[in-house]
Structures are given as C-alpha cells and as structure tokens.
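Residue numbering begins at 1 within each chain, and the chains themselves are lettered A, B, C, D, E, F, G and H in the order written.
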C-alpha cells in the first residue's frame, strides 16, 4: 500500500523521475563501483526497473486521459525554460527504451562481470547514462536540450562500444566522427531555426514556422537537421560506420545500442517532421517525399544484399538494421496515415526484434565463444529454448505472422500501395525474402549440422585488454560446467528468461498491434494526414 | 575518396555560403533571435534571480536542466576515458626507486621495496628528472591558479565565469602539477578514486539539488524550495541555488579534467605518464 | 566599430584552421590548434560573449592542447598528410 | 565601396563559419590520419559555435551582464533594456557546446590511443592494410 | 580614448599575424611553440583592450588573468614531450610507451 | 615537517592568498568574504607545502623587501637590453650582427629559490636565455651576441646572491 | 593627461610587440628567435599593460583601482610564466637535439 | 441466406488445445507421459469440434474474434460448414496418426521425439486454425505457422537429404506465400478494404478482369501447398519425413490446407461470380487438369512407394481445385467431399507404407515382392486405400468422384469429364504394380524371410481403422455430405 502511496505522491513528477532515476543511479553506480563489484549492478537494475515502471504508468496515464503531459523543468514555462512533453508517441517510445534497456541489462549480468572486470561501476554507469540520454531525447520538448541529450547518448555509446574486440576502437572512432558530424549538423539546424524564429522550444517554433513557410533559412534548417539525423540513423550512403561499430563491440553494448539508437533517431526525425515542421511543410511544401522514399528503397536493397554477403552473424544483423532503417524512413515519407502508422509501429517492433536477436547473439557468444555462423552448429539440440526464441525473432524479421514484424510490414506495404510507391512495396517484399534466406541459412546450420566442439580458449578473446590477467581464475566455474563432456547446455536462466520474455513479446506485440495503432499511434498522426 | 570529399565539401560549402545572404545582418538588433526570447531574459533576470550575469542565470536556472546534462556529458567523457583506457594494475617484476637526496636509482626485485618513505620515490624506467625552474614556478603558481579558480566559481553571478570555467582552471592546476613534477606525485595527492568520487559527487550535487526540489513538491530544479531552508526570499533562494549548482559543476569539471588527463597521459597505466 | 578587429581575427582564425589540418606533424597540429583557440577566444570577446570566451580560454589554454599532446605522446607524431 | 564594406561586415562572420565548417568537414572526410580527423572535428564544432555567437551579437550592445546599482544584494531596477545587451541565449547554448566539444575530444583521443596500441599506426590506410593482412 | 584603444587593438591584432606566421610556417615544432606563446601574450593584452572598448574592463580582466595563468601549460606539456627523450623529427617508434 | 613550521607556512600562505582574493573579488560583504576565507583555507590546506619559502618570518620579510628593490632594477635591465636588441633586429645585415653562443656559468648559491630567481631574471632580459640549471648552480646560458654573453653573471648575479644570502 | 601617458605607453608596447615579432621573423635560428620573442613577453607586455592600467585609473574608484591592480597582476604572472615557458622551450630544443646557429 | 451467428470461444480452444499441450510434452520426462499428453489433447480437440457439429449442421455459424490486429481486421475465428468438414477430418485423423506415430517412433527408436510431438501438435493447431479462420489474414497467419511448424518434421532426420528437401520445401512454401499470396492479399485489401470471407466473395465490383486474373493466379500459386504443377516439387521432396508425418501432413493437413485455402479464397474472397464473369474458372480448370494428368503420369514412373504416393497426392489435390473451379453445385460438393474422402484413403496408404518400412525397412516397390503374404493385414488395408483413391466402390473415394463427374457434366465441359476418367485409369495403373508385387509373385521371387511379420500393434491398428472408415464412408457419408452441401448452398446461394 505504501508503495502506491509513494507512486502517487510522485505522480506529477514522473516525467522527471523517469530520467532522473537512471541519472542519479549512474552516479551511485560509478561511485560504488570503486568499492564493491556487486552493488553497481543492483543499483543500475533497480534504477532501470523504476524507469520501466514509470514509463508504464506514464503510457497508461496518457492513454487513459488522452492529455499531453507537460512537465516544466526548473518551473519555467515553455519558451523560457525547458519542458518535457509526454504525448502518445513519446510515451510509447519511452516504454520501448526503458523495457529494452532493462531486459538487456538484467540478462547480461554475467557478461558484464566477465567482459568489464574491475570496471563494472563505470560500465553500468555509462549504460544508465546512455539510457537516460535516450529517454531524455524522447521526452524533451526543447530542440537544444535534445542535442545535449543526444550527445550524452552518443558519448556513452562510444564508450560502450569502444571496448569490444580489438577492432572496435577503430570502428568506434569512425562512429564518433560521423556521429559528431551528425550531431553537429543537427545543432546547426537548430541554429538556423533559432536565427529564423528566435526560439528553441519545439512547440513554440512550430507555432512560428507557418508564418514563414517560404523562408530559405527554414528550408535549410530542415535540410541540415535531416542530414544530421540521416547520418545518425545510417541511411544508405551514410551508413558506413554502423556495421563495424555494432559488430565489433561487446554483446551487452550491442544489445543496448543496436536496438535503440537508430530507432530513437528515427523517432526524432518523425518528431521533427511532424511536430516541429508541420506535416504540411514536410509533405506538401517541400516535396522531398519522393526522394526520401527512393533513398529508403536503395537502403533496403543495399542493406539486404550486403547482409547476404556476410559470414559473421552480428555483421549480418547490422546490415539488416540498415535495411530496417529504410523501412521506417520510407514508410514515414510515404506521407499517408497507414505508412506513418507502419513506420511508428515498426520502430517498436524493430526494437524488440533487434533486441531479441542481439540477446541471442549474446547467449551464443557466452556459450560458444565465437560469433561466426558456424559456431551455431547443432544448437537446436543443445539449446532448444534459446533457439526457439531466436527462431521467433528471425521469423519476425522475415515478417512471418503472427510475429510483430508481419504487422508493421503490412502497414508499410499497404501504405506503399496507397501512395502508389510500388517500388517500395517490391523492396519490402524483396527484403523479406532475403531475410528469409539469411535466417534460414543460420537455422539450417543450427538444425542440420552436427554439434561442434568449441575451443574455449577463444571465449573471451574480444576483451583481451581488460581481462588478460584475470579471466583464468574467474572463469573456473564456467569452465567446470563446460569442459566435462563438451556439451553446451541451455544458457543460464537469468539470461534465458529475459530473452524468452522478449521473444514472446514479439508475438504479443504482433497480436496487439491493432490495439497499439488504435489507442496510441492514431493519436500521434495529425488529422491533416489522410 | 579525396575527390569525393572535395566535391562534397565544395558543394555543401557553396550551398551554405549562398544562403547566408538570407540571414539577418551581423549585429542586427532587430533580428528574430534578438526579439523573441532574449528580451525576456535580459529584462527579468535581475528580478527573477538577482543575478546580474544573464548568462549564468539562464545557464543555471532557466535552462538549468540543460546544464545538468552538460555536466553529465563531462562525467560521461571521464567515465568513457576510464572505461576505454584504464588498464588494471598488473604484477610487476621489478620496481625502480629514486633515492632523492643522492639521486641514485635503485631497482628492486619482487616485493622487496621500501615501504612508505620520504627519501625513496617510486619512478618508472622512463623517468626523467624534472626541471628545476619549471617545477619551482609551477609550485609557486598553483596556489594562485587555484584561488583564482575558486574566485571564478564564487563570482559567477557578477562577472564572466562560473562553475565550468572555475572547474577547468582548478583541473588545470592539478594538470600543471602533474606536468611540472610527475604524474605519480599528482596521483598521490589527488588519487584516481578521489577523482571518480568527485566527478560523480559534482553531478550529484546538481541533480540532488533538483531531486530535493522535487521531493519538497516543486518542479525539478526549481530552487524556490531553498527559501525556507535558507530563510531568504524566493529570489535570493534562486541566487543561492544557482551558486550551489555552480559548485557542483565546478567539482565535476575539475575532477573529470584531471581524471581524463591521468588516463590520457599515461595511456591508462597511471604510472609516470607524460 | 569593433568590426575591423572582428574581420582581422576571422582571417587569422581561418589561416590557423587551415594550417592545423595541413601541417604534416601532429604535434604542430596540436600546437596550432592551441593558437586557433586563442583567436577564437578573442573573437568571442569581440562579439561580447564573455562567458564563452572565458570557457574557450580555460579549455583551449588549459586542457585541450594538453590532452592532444598527451595523446600524441602515447601515439605518434608522424602523419602523411 | 562603402556598400561593399558594409555588406562584408554584415556577412563575414557567416562566411567564416561556413569556411571553418568546411575545413573541418574536409579534414574529417579526406584526411588519412586519425588525429588529424580529430583536429578537424574540433574545428568543425567550433564553426558552429561561431555561427551561434554571431547570431547573438548586437551592434551597440554591451556584454550580457547587467549593470546593476550599488550593493550587490539589493535589487534596484533601472530596468535593463533588451536593446542594450547582447543576446545571451546563444552564449548559454554555446557554453554547453564547448563542453561537449571537450568531452568528445577526450573520448576521441582515448580511442586514438587504443587504436595506436592495436595497430601501431594512426594512418587509416595502413591500418586497413594491417586488418586485411 | 576610444579611438586610441580601437586603433591600438587593430594594430595589435594585425601584429598577431606575425607570430602566427611563425606558428604556421615555423620550420621546427619549437618555433611553433614560440609563436603560440607570443600569440598568447598578445591575446592577453588584446583582451583587456577589448574590455576598454566595451567600457566594462573589469569583466574582461578575469579572462586575461586566466590566460596569464594557463597560457604556458600547453607549452610545458609540449616541452615535456621532448623531455621524455623523444626526438625532434623522427618518431622513436620502438620505444615502449 | 614540524608542526610549528607547518602552521607558519600555512598562515603565510593563507594571508597571501587572502590578499589576492580580496583584490580579485572586490566585494566586501560578509558572504563573499566568508567564501574567500573558506576558499583560502581550502587552498592553503591542500597546497601549503608547495610554497615553502621559509619558516623564519623575519627572513621572509627581508626577502620581500629585497625583492621589492630588486624588481625595478630588473625592469631597468630589461629595458636596457631590449634597447640593445632593437638595432640588432632592425639591422639589414642581421647575420653579422649576432653571434649566438652557449656559455656556461656557475653560481655559488645553493638555494633553489635563488637559483630559479637568477635563471628567470636571465631569461627575462632579452638577449639571454637560461638553457640548463641544476641544483648545484651550474647554468648554461644562450646569449645572442658577445655583449650579452659578457654581461653574465655580472651585477645580476651579485644582486640575487645578496638577496638570498642568509 | 592620464590618457596621453597611457597612450604613449601603449604605443611603446605596440612598438616592442612589433620589434619582437620582426625579430621572430628575421633571426636565423630558433634560439635567437626566442630571444626576440622574449621582448614581446617582457617589454611589450609591460608597457602596454601599464598603459592600460593607467587608463583604467582614469576615473578613480575602488573598482577601477582593483582593475588596475589586476592588470598589474597579469604582468606579474606573465613575468613568472614567460621565462618558464621560454626555458621549457629551450630545454626541449636542447633535448631534441636542435643545434644553435653558429656564425661561420 | 442469412445465417445465425453464435459467439463462442470454442473455436479458440479447438485451435489452442494442442498448443497448450506443448509445454506438457516438453516437460515430460518419459515417453509415456509425453504420449499421454498428445493423446489427451487430440481427444479433447476432437470432442470440442464435435460439440460444435450440431450447431453447424443446424445451419448456424460459430464466431469469435481474438485480437483486433488492424483497425478493421482481426484475428477472428468463424466456424462454418466447409471449415467444419475440414476440421473434422483433420482432428479425427490426428488421433489416429498419434497412435500410429507412437508405434512408428518407438519401433524405429527415432531421436528427438519431444521435438517431433511438439511440432506435430503445433502443426495440427495451425491446421484447425486455417479451417476456422474468418478472414484471409487469419488464414494466412495459420498457413504460415503450419509451414514453419512442419519444417522440423519434414527434416526430422537432419541428414543431407533432409536438408536439401527441407530447403526446397521452405523455398516453395514460404517463397510462394511471401512472394505471391501476401502481395495478392495486400492488393485485395487495398481494393476492397476488407479481408473477411463472404459467401459470395468480396471482390465483385471492385476490380477489373486483368487484376482479378492476376490475383487469382497469385493465390493459386502462392498457396503452394496445393501443389499446382509448377509449384509442386516440394511435395515429393518432403517425403523424406518420417511416415506418420507424411501421412498426416502430406496427405491430410498440409496439402489439404493448401486446397482448403485455395477454395476458401476462390469462393470467399474472389467469389464465384467474378470467377465466372472474367472466365478465370476455365483457366484454373485447365491448369488443374494439366496437373492431374501430368502428376499421374509421373507417378507411374516412380519406384519408391512414398514418392509414388506423393505424386498421386498432387493429382488428387487438383481434383479439389478442379471441382471447385467448375463452379457447378455438384462439382463443388465433390471437391469438398474429396478433401475428406481422399484424406482417409491416402492416409491409409501412407500408414501402410510406413508399416512396411517399419517391419522390413523396404522403401521401393520393386523390392516388395511377396510382402502381401507376410503382412496380410497391412496390404489388405493398402488395397482398400488405393481403391478409395482410384474411386472404386465400395470406398469413400467413389462418392466424391461421383459428384465431380456430375459436376463436369453439369457445367457442360465434357473435356474435364474425360480428364477425370482418364486420370482414374492412370491411378489404377500406378497402384496395380504394388499389389502385383505384393500378392502375385512366385515363391522364388520372394524377398522376405519367414521371420518378417506384421508391424507393431500400434502401427497396425490405426491403418485398420482408417481403412474401415474409408469403406464406412461409402455407406454412410452423411455428415460430410451434409456439411459439403451446406457449404455449397451457402456459396452458390441456395
């Protein structure tokens, strides 16, 4: 009972709590990590859980009342101070972010302890900071505040993925360069908006823009913002940083960053196009929809074909992510209600799918120590539950009903047909088929090939730098379980349960997608869009 | 790649240059940017917060939330450098010690080495004797740098400066100490754990102040809550709130700058370093 | 009235920026970056942004060049471009 | 002639920002050396700062610190006029941007050190050669 | 008085081009240090002059003071680089750092 | 270090720093002064062992007085040697006018403060730069021409030695 | 009156800045250039700063006096740091193995 | 004709009951418990379906919407006569097959039995789901689930052959459904705005002739499980599966799901009027006839018994399509009945093939010389089964064929009559060698020793049951006949 009382006491402050909790906890985690190796995990898990719960309460609040929640930071009203806006869309994305971060985190306790030995405090802290950055980006109603939070997310992201295999620093450095270009372009775009309107608040700018539709500064602001965001979301010609960065890093980080970064960036794109610049400006005045859809089509084709060429499982996932970015961008710029619904729904679904796939990758790596496709030989027999979950995720990416991937694809294709973009439809179907081939290859290996002995000396090769001196003694326990008979058993329960939960979520999300669309996404899209 | 880059750059540059003509003139007092929001700040800062430095007032109060995350960015960078570079201590076969009065270097095998001693100083194989002039001057200056830094922090309300600048100067003073002597000496005075704790503590002061406001029932970071605590009116409460968060910023920035320097200059080994 | 100084410093800034990326030695590059930040600081003061200038002064003179030098110390000065 | 001069005076800052932006971008895209790219990144970020600060400048305005009356605690309002002071908002934003720049610089350099420890060189083409080998 | 300061500061800012020339063109790295050091000194003066131009000199002195105190840190760091037995031109790649 | 000596250095440091604070601050209300006291205490507590001039207060005062007398003289020297430099720099045939050389001199002082003062004075006067200095008083000085080289150690050495003689 | 004095001082300072700068360009080697750079650090700064300090005292108030004092402090600090920096550079040059220019 | 709709959750349970059994199967520690789970689930499922039978026979419709996945489309179930017919066949045969699998798997001591029974259950769930689906989306979803759930069954042996045929299987089935059926569905949705099955189709008036033809073809080939000729080759390949799988899934569930889906789409979505007006039905008939003849001819040349049966299946499936595409009442009734009749006949044949393999390890017809004397019960059942498939009285197959023939005459396309008759002869021709080898070879040609006996009891009982049902259906086809005619009367409007 006291619990609920407490919750209701803080209810008006929930938009702040959802981000402040991870922030404060990250400080505590960083500090406690200096003295104790276990506490940072507990603190971080608790904070993520609180955020998760608050996001659930928020979305329930928003859906029930239908009122946009506005929270004034420092008590100053909108154009002067910074406000947080929780509307249907941001509440939805918040839920996605917090749940993904929470599930990925609790499932990876062992990975964190081994891969980041003696640095758990810093790692957990950065993990929380990344999460709070994304949460802030989603919730904020201020264009500049968005930039700051974007930088927090990026910086902590660089750190998280910088410590993986021995190739990851280079990949991360390239990511850093492009990420900085992207963020700086965004900042520049905000500057252009500021020079034209004199305001930084998104709602305020949005109210000014209709009076100056023809201004070339506004046009440029749009182009520059978009350029920055497109770099950050890794659309086709600007995708170069993503595959290396995501595939070389450690699994914990990949499981956090890969599902969320691009999706949140796309969310921001949607927010900028719909809320900041009005849909009228974006779709009717600018006439860039056609171009963007073609860009998306090329991205889809490129991503799918490149994924075909990959031998490494994680790299393949990375190219699939690129293709999925094409889905969402293309779907959004179809400019009709169905397409945009599909794009938004796909943000949610794709986050869940990618999370599941990367969690699976984490489990495989933890178990076999390799991440090539061949390491999966005979996995169906050894880890049936993991493989079942993995299969679900794979099917979802392919777009097989009743997993969620099918339903968002349905909207996207309907939107494509409605908008007359048959090439986009073809690209989607093509990509589905390619994904089917890709995942079928993996499943086939796991199903047909006999189980292979794994060379456990390589288990932690990817974190050589931090572990060289410790991992021998530390992994005795792990060695015990695996070396007797060479049989890999099912992953530990703490990894398995979140993973299975996510996999089942894939189906549930699919089955309830109608509810999501009707209760949440319909409110997001302005009535002007048909 | 090179041609492509040049083309891109020329194209973007040309485009951007061409459209600069639509900007309001440089120094135009009637541009939208000068008319929409900023007049409110300029005209009301003193009334709202009793802080003459408008920049400080906006930084720590109107947009204090931004600044909290700016501080967090710094903390993130510190943590990132630590995570990326820091190498855990490893068993060493031999250690070098300098006998300071005579300048003789001794090599100790195993774990036979002088315990805490004033005459023996741990050094590394690439140790170089520090320069007398540099060392002396820096020792002389560090006080003044530090007192100057604290002055900057304390007078952020009335003159340029504030937590961030003061923090950087404070950090620079320790960096100066490390450069003029060696890194080990600096670490002995301002250890790595201290740096980590301070950097977290600074943000904690900031965010904790905000959270305290929230718990008392105001909005996050609304310093009004301080007025009953300090026994002042709300305006002065805001002024003091700004001061508190500036201290937080300074602490974090100082500690993180030092921390990053430790890690960068020794490539994570935290030995003698640069 | 302050425009001429502004213009001169802009020119100096651009010169040092171009120099920083063309000079064929990383240590020099870092040092020129220091000079670049001096000019930037001047420019901010010319434009009346004292707080920004102060920050630039402390950061540019105090830490960022030091960071660069420290990093170069642990890597290499050599560069082909 | 005067017109040209005043035109230059009115736009020079924006031109300079574009040039710096492009210099930085060029370095980040084309340069082969990682630290060079980092240097380019710094220039790139400062270009945006230049842009913002230029927005804020007001001819005839003074620095955005209110000239207040005697005694620093008493609030005497000869109400400050907006025209007299330079727009402070861009300055606030750019303080944040500078901080972000330093933070990014630190992380980038840390990564560069890691790269060097791994490959023994900072030239991208040499690194790629080593990766392929 | 305004004109005095204005023209002095213009002259001073023009003069800064000369150390900059040394910084940019300097045959050795050490010449560049020297140039930067001189630029730093001139910057300090110019900052105060700009303070006079704005008639708010008390606000600008802090910045100049910060320069006076911090200007040489980067030079010290750079010279420290050579202290650690690094050569002037060639890199001692073999050195175990 | 003995406690008494420590307290004395602490006090000296504190008073110097507080003087600086007052000059910097220019605000004499209670709030800022207390802030100043707090900051100065903090700094002197952290770094009081940096500025070990001496534990002898009378010597400290003597040194201070000596410095006050020495600095104008030094400035005069600087002016003189700057004037000496001007024709060299502007001469069309600059390569003949100068004759750079590194000369070695030895100071009898053993006090590090004195040595550093001496070395910095040499460097401050244009035309000569201290290149090397060690605790035994061995110095190497780079001088731009013979005249500068010959003036060393000269008056300056004597004055500094006198200043730091116990 | 004060304005004239300070004008002269500032002009002197600028002159020495010029001298130092030209010296930096003209002198043949690094060490001797450093000697010229020393002029900027010492005479130029000293003269121009004292000119500015005097100018600050144009209207005598406590604030202005403190400003002038601070300007003098800048000079003091630069007089401390300048030679140190110069020494550091020279020291680096020697350690890096840079040979001084010798008259043939 | 307005039908009374009953809202009930029973269809959902009917679908889910076997899925719910899966956790039980997985967590079982011993074989017995696992099999008990399977049998119990099968029994309950049949009971649930039977409990709905009276309602359906009364002309009512049971309906339930589970999820509203799109604003105007949900995952909803709707039990009508046609679906009931199919569900009845599938669920009753599941019990029999379960019993048979137990015997088969135990006697061969196959590996991964847990997986086998789990996916078996999943597959039957999906089959019932297809039968009960109320709209095309639901149908498609269960169709896909079925494709995937059967994959591990098809490739149960996990060897090289299984791998290649598994690939082929997925390529045809998934490729067809994603590549053709899905876009066709999307286009349908775009033009009509609904995907619900309506008695007379939803397309009339929304679409032009070319598009209608395209959509029909896309559905016909997209639902590759029906095995229309260019898309048929997965079926023979899939015969590498263990025999119970082949039996249930490739004689009953999977292929019949294909046929069912095609019929459902042709009648419920495209609509008979569109088919007739744009002359699509004739094209479909031609394609189906082509498949019938060619498949029968290929079957003649196969030596491996299961492959021969597979090609036979391909031919027989096209009977269903042909019957529906004739657009005559009798033809349609015949087509629908054929789903049931062929199922019982063909499953008997597969059971027999499996029993032979179990007992002797023989796969090829040419090696079966004299087997009839060693395994008389099995081979008698085989005889009954094949007679049913050929369409000889007194077997169930005769009834459906009779209606089909009537249908061809009714529709006036006598050429298809000849196709039917000709193919029946071919059917007889390819079954005859089996008997000849089994019963009529001389002593010295016999390849079997005395110790070869009948397959285990678990195997023999089911095939006896199905064989007797096949005969029973000739004499008492009432439930199926009534359901089929109910369905046809709904579709053809009285």
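The criterion applied here is as follows: a residue touches a chain if its C-beta (ideal position, glycine included) is under 8 Å from a C-beta of that chain, and two chains touch if they have at least 3 such contacts.
Predicted model, so just to flag it, every value in this text is computed and none were measured.
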| item | value |
| --- | --- |
| Chains touching both chain C and chain G, listed by label | B, E |
| Reference chain A; chain at largest CA-centroid distance | F |
| Chain at maximum distance from chain G, centres defined as averaged CA atoms | H |
| Pair joined by the larger number of C-beta contacts - A-H, B-D | B-D |
| For chain A paired with chain E, centre-to-centre distance based on mean C-alpha positions, whole Å | 45 |
| Whole-Å separation of chain centres (CA-atom averages), chain D against chain H | 71 |
| Centroid distance [mean C-alpha coordinates] between chain G and chain F, Å | 16 |
| Separation of mean Cα positions, chain C and chain B [Å, integer] | 19 |
| Residues of chain D touching at least two other chains | 9, 12-13, 19, 21, 25-26, 54-58, 61-65, 72-73, 89-93, 95-96, 99-100, 102-104, 106-107, 109-114 |
| For chain A, residues that touch 2 or more chains besides their own | 144, 148, 151, 155, 158-159, 162, 169, 194-195, 200 |
| Chain H residues counted as touching two or more neighbouring chains | none |
| Partner chain G, residues of chain F touching it in the complex | 20, 23-24, 26, 75, 78-79, 82, 85-86, 89-90, 94-96, 98-102, 119-120, 123-133, 142, 144 |
| Residues of chain G that touch chain E when the two form their complex | 3, 6-7, 10-11, 13-14, 17-18, 20-22, 24-25, 30, 33-34, 37, 40-41, 44-45, 48-49, 52, 55-56, 58, 63-64, 66-67, 70-71, 73-74, 77-78, 81-82, 84-86, 88-89, 91-93, 95-98 |
| Residues of chain C touching chain E in the complex | 1-2, 4-5, 8-9, 12, 15-16, 19, 23, 25, 27-28, 30-32, 34-35, 38-39, 41-42, 45-46, 48, 50, 53-54, 57-58, 61-62, 65-66, 69-70, 72-74, 76-78 |
| Residues of chain E that touch chain C when the two form their complex | 2, 6, 9-10, 13-14, 16-17, 20, 23-24, 26, 29, 32-33, 35-36, 39-40, 43, 46-47, 50-51, 53-54, 59-60, 62-63, 66-67, 70-71, 73-74, 77-78, 80-81, 84, 86, 91, 93, 97 |
| Complex interface listing, chain B residues touching chain E | 126, 128, 131, 134, 138, 141, 144-145, 148, 152, 159-161, 165, 169, 172, 175-176, 179-180, 267, 274 |
